[in-house]
Structure formats: structure tokens, C-alpha cells
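Chain nomenclature is as follows: A, B and C, assigned in order of appearance, with residue numbering initiated at 1 for each chain independently.
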Amino acid sequence: MMGTLSYLVFFVTVASLFAIATLGLNLQWGFSGQFNAGVVGFMAIGAYTYAALTAPAQHEHVGGLDWPVIAALVAAMAVTALVALAIGLVTIRLRTDYLALATFGIAAAINHLALNLEGITGGGRGIAGIAKPFADLPPLWFGLAFLALAAGALLAVYLLLERLVRSPWGRALRAVREDEVAAAALGKDVDRMRLTAFVIGAAPMGLSGALYAAFIGYVSPYDFLAILTFQIWAMLIVGGSGNNAGAVLGSFVVWALWSLSGIVVVLIVPTKLQVQGGAIQAILIGLLLVAMLIFRPRGLMGERLHSSPLLRDDAAVRH
Amino acid sequence: MIAQLVIDGLLTGAVIALGAIGITLGLAILRFANFGYAELMTVGGYAALTAVLAYGGTGAPLGPFSFGGFLAVALAVGLVVTALVAVASDVVVFRPLRRRGAGPLVLIFASFGLALVLRHVVLLIFGTQPEYYSREIQMAVLLPGDVRVMPDQLLVLAITVLALVALWWLLNHTRMGLAMRAVAENTPLARACAIDPEMAIRWTWIVSGALGALAGTLFGLTVQLRPEMGANLLLPLFTAAVLGGVGSIPGAVIGGLLVGLAENLSVLVLPTSYKATVPFLIMLACFLLRPKGLFGK
Amino acid sequence: MTTPLLEIRDLVAGYHRDLPIVTGASLSVAAAEVVALLGPNGAGKSTLMKAVSGLVLVMGGSIRLDGTELVGMPTHQAIAAGIGYVPQVQNVFVTLTIEENLRAGGFAAPRTVRARIAEAYERFPMLAQKRRNLGGELSGGQRQVLAIARALMTQPRLLLLDEPSAGLSPKAAQEVFAAVRGIAAGGVGVLMVEQNVKAGLAASDRGIVLVQGRPVLDGPAASLAGDPRLPRAFLGEQVFAA
């Protein structure tokens, strides 16, 4: 009973962390049409920022700054947004498939830096001893308290983004996504709007990574591999891009499928083949992504606002 | 030292060039960035390995090389299997999306999903440990300038040149090649010429799949086979294709060689651990300075 | 009178199911006849051509070539059935050589390609001179000639030309029209969209004026050229459109 409860708490906590990142991606892709194939890079920046600010000094990397948790979380978001701004300034005019390539490469480069900048990241050994809020509580209470923190953060991000996309700015952003030329003709500064959406969307990804680091208490480059980007994308596509509630729903559904398939793999695959077990999960994510695109392209919850069906599929590539 | 790096760079570049041709054909004819393409290299390399394992090796080594004559058969198996996988992925995934009128971004997503499936199916079957076609020792050949090359590596260069000649002939002197070039330039006009674009698309998958399998097998021969080898080559391949100019085959070849050279020569100025970041930096520079590539229109 | 080569009945066609551009057109073209398809901008002339070649949605009506129904045929089948189609723009492959353009045109009939190319070179010696040049290296008039020669590669019975004189100098346009007359003299039916009413009718046997997706005038070119209803048909559309 307690086992089930604590697993459930763990499950909802992690799903909430994913949902925060998915919401950020939804602003970039769902509302602004920007193909960020390097989500995991922004999560890594958030995680490492949080780690660097809170972990004790160790011989191989800097530390001992001892920032309070909340301040470190805010700083993680801010640093991620700054990095996104720098990246966005360089990539904002790229056509969408090139943006995908560039961001994919940036995430790979960030992973490379995490592995090689040992003085800051601890290299392949990662950073241990990261500040875990509520760490003094007994395990179940720690879980519940952290769940409250994660769910609270998710709710805050959700409400802020909902407010944002319903504002005149949000409507203009969708207009830019549907028809850039027309929006520009109406006097919208298209590049600036896209850049703003890219930066604001990156901040929750950083928060998600930082909370993950705070939850586990340890980060390493191997926590931020490219497959995580695809998981987040699968969550958005399954939930329905252009819909914040859909992004959250998709995160929970895909994480549930991932966890369930993991349990099944543990039950049926021999221990020495557990690496291959992870492969089964990755195959399922891939199949899910492809199947959704073929059979239910709008996801479980598509965009609520009316948009022309003629524009849905073809509107996105810029030349 | 530099001469050695140049030779190594050309060797890496040759494999990248073959793959970059597949990418550029996809961009020109299928009209989307196929992020799953590099996995076809993995599939091809491992399909050839399967044949080698089934036969119990590659046979007695041929002359100075590390492998026996059976590797040619294994390569043929790899080419056919990969072309079939490529066509099947089109029939199952991409054609239904095309029929629905899905945009190129949807196709890119689908290629991401397909990449995950292909890579992990290989991982599931073969595991994570590196594999080799042959573990025979070969004697390095000493070239002028104190450059050491393995006989296998020289053969890889020769095979790459042969493959390029064959591809050139295919595209310029066959009906199928004409159809592919016509569809790449102007699909409506190709239709008005009674060329069925679906046929050109099918041939594009076959040709690019076979090129990928060749590149994967040559990579496996001179480096090693690993399930993530394709994924690791994805950025270099796209960099070469973008650098050369989308749709340009000579561009893809030159782009591939340049990327290979830059990667290997980078160790003169950068720590070796950053070698893998070099293609990405080239890509970024290309996007910013010359998005049409060196030979783009 | 024999049955016409091309017989279109009550054709409804367009790019989107809810938005027909051709709204019930009936017309015919006989073998060896040149018919000019005239009308104001947006009247549906190009869409009608594309409907015959299977490039747009057909929502109703029939298109028969020598009795064979073309509606529902994909383009490559319509071409094989005897249609030659020259689009208005981007009608040559600029990255292929002249000879490759012709080869592409003869894609449906590989066995006769060699003979057809020889014919094309005989009819248009300019193409033979530039056979190794790229399509993109030709002038506007030369491209139009290449486009027509390319469409003739399958020996079509009906040739569809979408504004063959667009963007050409009067001299180049006259050369293109002369070539079209020569092709029709060989028995091929020609349906051509023309913006230049006077020159178009002068080169044609018959003229059809399309307004808002339907033919409103149909008659011999010579009498249509002086018909007072002709300018009104164009003008009427403009009044409605304003």
C-alpha cells in the first residue's frame, strides 16, 4: 500500500516535471511554429545551473555557493532564458528545418560541454550533493512535499502561459505562425515575437531540468541524452500541440506508457538484458510518435482555437 | 603529422560524403530533412554483419586486406536489406502522410520517430558492444610523407570513387535517373511529362538506402559497428549536405570531404574531445554566412 | 459531322472542393483545329487546361478524348492517353539539357524517343544546335519552343498550351504561333489560352470566351475578332468584379 502510494507520488512528480518542459515546447512549437529539436539542451542548462549554485565545492569542480533553493531555481530559469536568447539571436531567421538541425546540434554541443568542462560540470562523473529541498523529511513526506513543489510549479507555469497565449500578444503570435507575411504587413515585428516566444518557452525547460536536479540530487551528462527531447516531443504531439491542457495531458499519458512499459520490461526481460529493455521503451516511443502523426495528427486534444484546416499541415515551412 | 591528418580526414570524409548524398537526394526529391536517414547506415552495416555472422566470418583474408571475399556478398545483402527497409518505411510511414498532404515538418517528426525505432531495434538485436566484420591484423602501408594507411582504408577510398561514378551514370544515363532529376526540379512539370512522382520517390529511397548501407559497411570496416553510429553521424551528414548546397551531389561530396578534413585537422587547434562538435560549428557558420551552401542555387 | 477530338461536358473543377473555378463548361476541339481560349483574368482558363491534364480536382462533368473518359485519370495516364500539356510558367526543366528535356517529354514512350527527338530537331533546328545546353540557358521564346517540342514527344492528339506568347516579343510570339499552326496542320488539335486576344485569334480557327468559369462566346476566329460582344464579355467581368 505504502509502496504503491510512494510510487504514485514519484510518478506524478516526474510527470509534472516533464509537463513543465512540454508546456515550454508548446509555446515554441504549438503557438509559434518553431521547431526546437534540442529541448534536452535547455533542460541540461537549467539542471547544471541549479547544481553549480547549490552543490558543495568538490575537488574536481567549482561549488560551495550555497544558494537557497528558490533563488537557484529562478537563476536556473534566467540562465536558460539567456542562453536561449543568445541561440535565438543567431538562429531566428533560419527556415524551420534548419532551425531543427541547429537546435539538435546545439543540444549535442551542450552535452559535449557537460562532458568536457570538468571544472564546472564534473565531466562524466557529474555533480553530486545538489541541494534537495525537504531532504530532512522522512522519504514519503519528502516525496509528498516535493510533489507539492513540482505540481505548484506546473500550475504556475500553466496559468502564466495560458494567460500569455490568451493575451493580444498570444493572438498575434498565432497570427505570425499562420501567415508570417500577412502578420508583418499588419505591422507585427515577426522576428522579435518569435524570439520572445523562443526565450520564454526555454525558461520552463530550464526550470524542469533544475527541479529534476533538485529531486534526484545529482546530475550527469547521461541524464540529458537526445532521447529525452523525443520523449518531450512525443508528449506534445500525443497531447495535441497548440493546447496547454493537451501538453500537460500528453506528458502524463506518455510518461505513464513509458513507466508501464518499463515495468513490463523489468518483469519479462532477464536482468542481464536490461539495456535492451530500455531499447524496447525507445521503440515504443518511436512507434507512438509515428502512429500519432499518421492516425491522429491533432493529438488527444488539438488546438481549441479555430484555424483553417488548409493551413494546419503546410503552413509551417519558411523558405 | 598534418599529412596523416589529411589522409584520415579524407577517409572520414569519404564515408560522410556517401551519406550526405543520400541526405541531399532526400531534401531535393522527398523534400524533407530525413533525420532517420543516418539510421539506414546502421541498418546496412548490421545487415552485412548478420550475413558475416551467419557465414561464420568473411573467409580467408584477401591479399593485404583484413577481410575475405565473403564481405562482398555481405555488402550486397546489406544493400538489398537497407533498400527494402527504406522503401518499407516510405510505404508504411511517409506515403500515408504525403497522401494526407502533410507538410515537411510532419515528415521530419515522423523521421525522428522512425529513427528511434530503427536504432533501438538494432540495439535490441545486437546489444551495445562494438562489432567488427573481421579482427584479422593488417600491415599498414607507408606512403610518402611518413603517412600510414591501412589497406582497408585505401580500398574504402577506391570503393567510394567507384560508387560515385556508378551514381553519376545512374542519374545521367538511365530513365530512372532522368525521372529523379525531373521530379527534383519541378514535380508538376514531371507529371505533365507522364513521369509518376511516386516512382521517382521510390527510386530515391532505394538509391539513398543503398548508399547509406554502403557508407555504413565501409564505416564498420574501418572504424567499428555500433548501434548509435548512425545517430553520431547525423550532424556531419547534414552539415556536408547543407555545406554543399541542397540537391547538389558534387556539393555533398565536397561538403563531406571538407567536414571530414575539418574534423580531423581540428585537433591541431582544439582539444581532441571537441572533435565531434566541429561539424556542428561548420553547419552553424554555413547557416549564418551562406545558407544556400557552396553549390546551392 | 464526326465526333470532336476533345469533348468537355458540364465541367466543374477547381483547387478545392468547395471552391469551383470552372463552373459548368462545355466545349469541344476537333482534330487539326486551333482553338483560342480567351477571357478575363480569373475566368478559369488555366484551371480548365489543368482539369483536362488531371492536375486539379474535377467535381463534375466529363472530359472525353476520342471517346475515352479522362476524368479521374492521374496526369501521367492522361498524357499517355494522348494529351500534351505546356504549362504557362516553369515549363522547361532548367537543370536538364535540351536533349534531356525532350527525353523527359518522351518518358511514357521510351521506344520511340530517338525518332521523336530527331523529328523535334528537324522541326526546330535551334534545339538541335543547343542540344547540350541547359534549359535554363535558353531565352523566353526558345523555352516556349522547347516546351512545345517536349509536349510533342508523346505524339499527343491534343495539345494544351497555356499562354504560349506570354512575355515574348511580338516577333517571337509570331514564330511560336507559326509553329502551332504547323503542328495543327499535322492533325493535332490545339487548345491554347491567350491573353493577347487579337494575335491569339489571328492564329486560331475558332475562339471561345470564358467568363466566370463558363464559355459565353464560341465561334469562328475571324468573326469573333470583330464581334462587339467580345470586348463586353471582358468588360462585364470587370464591372462585376469591381
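Convention: contacts are C-beta pairs under 8 Å (C-beta built on N, C-alpha and C of every residue); 3 or more make two chains touch, one makes a residue touch a chain.
In this text, all values refer to a predicted model and were calculated from it rather than measured experimentally.
Minimum number of contact steps separating subunit A from subunit B: 1. Across the assembly, the mean Cα position most removed from that of subunit C is the one of A.
Closest to the middle of the protein, by Cα centroid, lies chain B. Between subunit A and subunit B, the centres computed from C-alpha atoms are 31 Å apart. Subunit A and subunit C have centres, each the mean of its CA atoms, that are 55 Å apart.
For this pair, subunit B with subunit C, the centres built from the Cα atoms lie 43 Å apart. Shared interface positions of subunit B, defined as residues touching 2 or more other chains, are absent.
Shared contact sites, meaning residues of subunit C that touch two or more other chains, are absent.
The part of subunit B that touches subunit C in the complex is made up of residues 175, 178-179, 181-182, 184-186, 188-196.
Against subunit A, in their complex, subunit B makes its touches with residues 32-33, 35, 93, 96-97, 100-106, 108-110, 112-117, 119-121, 123-124, 127-128, 231, 234-235, 238, 242, 271, 273-274, 276-277, 280, 283-284, 287-288, 291.
The touching residues of subunit A, counted against subunit B in their complex, run 35, 37, 90-91, 94-98, 100-102, 104-106, 108-109, 112, 115-116, 226-227, 230, 233-234, 237, 275-276, 279-280, 282-283, 285-290, 293-294, 297, 313-317.
Residue ranges of subunit C in contact with subunit B, taken from their complex: 53, 55, 74-77, 79-80, 85-87, 90-96, 100, 103-105, 107-108, 110, 150-151, 154.
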